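Letters are used for the chains, namely A, B, C and D, taken in the order the chains are written, and counting of residues starts over at 1 for each.
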Amino acid sequence: MVSKTKITVRYAETDRMGIAHHSNYAVWFEAARTDFIKQTGIGYGQMEERGLLAPLLELTCRFIAPAYYEDELIVTARVTKLTPVKMEFSYEVFREGEKKPLATGKTLHGLVGRDMKPFHIKKDMPDIYEKLQMTVQPEEESK
Amino acid sequence: MVSKTKITVRYAETDRMGIAHHSNYAVWFEAARTDFIKQTGIGYGQMEERGLLAPLLELTCRFIAPAYYEDELIVTARVTKLTPVKMEFSYEVFREGEKKPLATGKTLHGLVGRDMKPFHIKKDMPDIYEKLQMTVQPEEESK
Amino acid sequence: MVSKTKITVRYAETDRMGIAHHSNYAVWFEAARTDFIKQTGIGYGQMEERGLLAPLLELTCRFIAPAYYEDELIVTARVTKLTPVKMEFSYEVFREGEKKPLATGKTLHGLVGRDMKPFHIKKDMPDIYEKLQMTVQPEEESK
Amino acid sequence: MVSKTKITVRYAETDRMGIAHHSNYAVWFEAARTDFIKQTGIGYGQMEERGLLAPLLELTCRFIAPAYYEDELIVTARVTKLTPVKMEFSYEVFREGEKKPLATGKTLHGLVGRDMKPFHIKKDMPDIYEKLQMTVQPEEESK
């Protein structure tokens, strides 16, 4: 499963170099993640209300070519790893209609409860774990 | 009472016009408000933990001259109105060492509880209300 | 002429009060402005390339009810004043499907050249001035 | 050479999880980079005015423990690699007075001209290259 999220580069997201500032990519990845989770039929907001938080442990982003104001972007997201305590998402950012990504990235998340301690998703939310498990697409296979 | 907060314009805060994007002024006003509240000896974080939130009802900002990357700014804050249910702050943004403000603004806040309903600060937190009351400096007097 | 822009509240746009932080509304207004300008057939990026910038002179925003993570919002924009040197936009933010706005606002822009000095849009870009002129919808009439 | 930048976590930087949102770390790294460059006696703004830009090629960040509203943070920056076309910075984010970092990160930058093509810093800005060269502190040595 791969989700696709449409993003239009906002003026506020540009910097004095005239390009979209790099800190926005983490925000766009997150918008893509929101859409991915929603597509599984769960909703990230709902997950949080049931007590499961997924704070970031690691973020990596590779910037290949700049994005500009008013560019229409497509951000893809997929789950590339899932264990009972961690989850990895991979992303690609494209200018609409182009085949070469402008940027790629990964985020690794801990699965924790409201107390920021590990949450046993497999045991405590088996429905959500199973749904996520079905979407996993390891890196190698996705090439 | 007037508080003074030092802000250095960040690269991420600039836009493709080459100036600090206008949406940052609301964030700087808030940093100034945080310092003002801290200066009264309370701490805004503490206030929230005791159940008092102060969400924005109105924001106005007048932009007189642009601020640029690496500019050292001084943001002043003071309370210009206080009632048992509302509170108004006024701000001025200066480039360090200059007398003419780059921007001025006001924020009007509701005083509510965690349920977003009015909070009777005068009755339920008389210590904080009194401290804030002492800082009020109506517009006219401050000229 | 009124434009309508769809915004989904991002996680990064929320704050520790659990609501969309007020500084985002200025960014959403700008996204709406971008769509409005594009709808006239011009494109704000193009306008800037032809040498016309429209920096903010004033921003006012009234916050009526909070927006939350994942909320689908509609931001309307229209031009409520236009002179050869200034332009005013008015906005309303709605949760999709609702009739009462969550927020309303206005932005007043100067029309300047790259040197930040007044730009005679009426004389130097009569095509754009005329297009914008046709869209003006003063406050009173819009009620 | 290591620079130290003081950051106070802003309310706008928190998210509905109650912690500083991860996208801010890239912004704080950049503020630290600005201070580092200034400390060499150059000034990043000046570098850009002389035609040298340093857009991001890669960003990695490891989040160890959350930062909260009003936390006083220290962000350290140092140059860990420098070639005539690329430059790597490494960062650590500490809560003031603590020894274990809340986060660590790296940014890899291309050295390019205004046309986004490689800029021969060693040849075209020997003064700046030399100054930066003197600050390099490879990873191993810094432990």
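Here is the rule we go by: a contact is a pair of C-beta atoms (placed from the backbone, for glycine too) under 8 Å apart; a residue touches a chain by one contact, two chains touch by 3 or more.
These numbers come from a predicted model, not from an experiment.
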Handout entry: Interface with more contacting C-beta pairs, comparing A-B to A-D
Key = A-D
Completion exercise
Greatest centre-to-centre gap (Cα means) from chain D is with chain C
Exercise for the section: Round to the nearest whole Å and give the separation of the Cα centres of chain A and chain B. Expected result: 34
Practice task
Report, in whole Å, the distance between the mean C-alpha point of chain A and the mean C-alpha point of chain C.
Solution key: 29
Problem - Length of the line joining the C-alpha centres of chain A and chain D, rounded to whole Å - result: 24
Practice task
Mind pulling the residue numbers of chain C that touch at least two other chains?
Solution key: 11-12, 16, 19, 23, 26-27, 30, 69
Practice task
Could you please specify the touching residues of chain C with respect to chain D in the complex?
Solution key: 11-12, 14-16, 18-19, 21, 23, 69
Practice task
Note which residues of chain B are touching chain D in the complex, please.
Solution key: 8, 10-12, 26-27, 30-31, 34, 38, 43-45, 68-70
Fill in the blank from the handout: Per the touch rule, the chain B residues reaching chain C in their complex are 16-17, 19, 22-24, 26-27, 30, 48, 53, 55-63, 66, 116
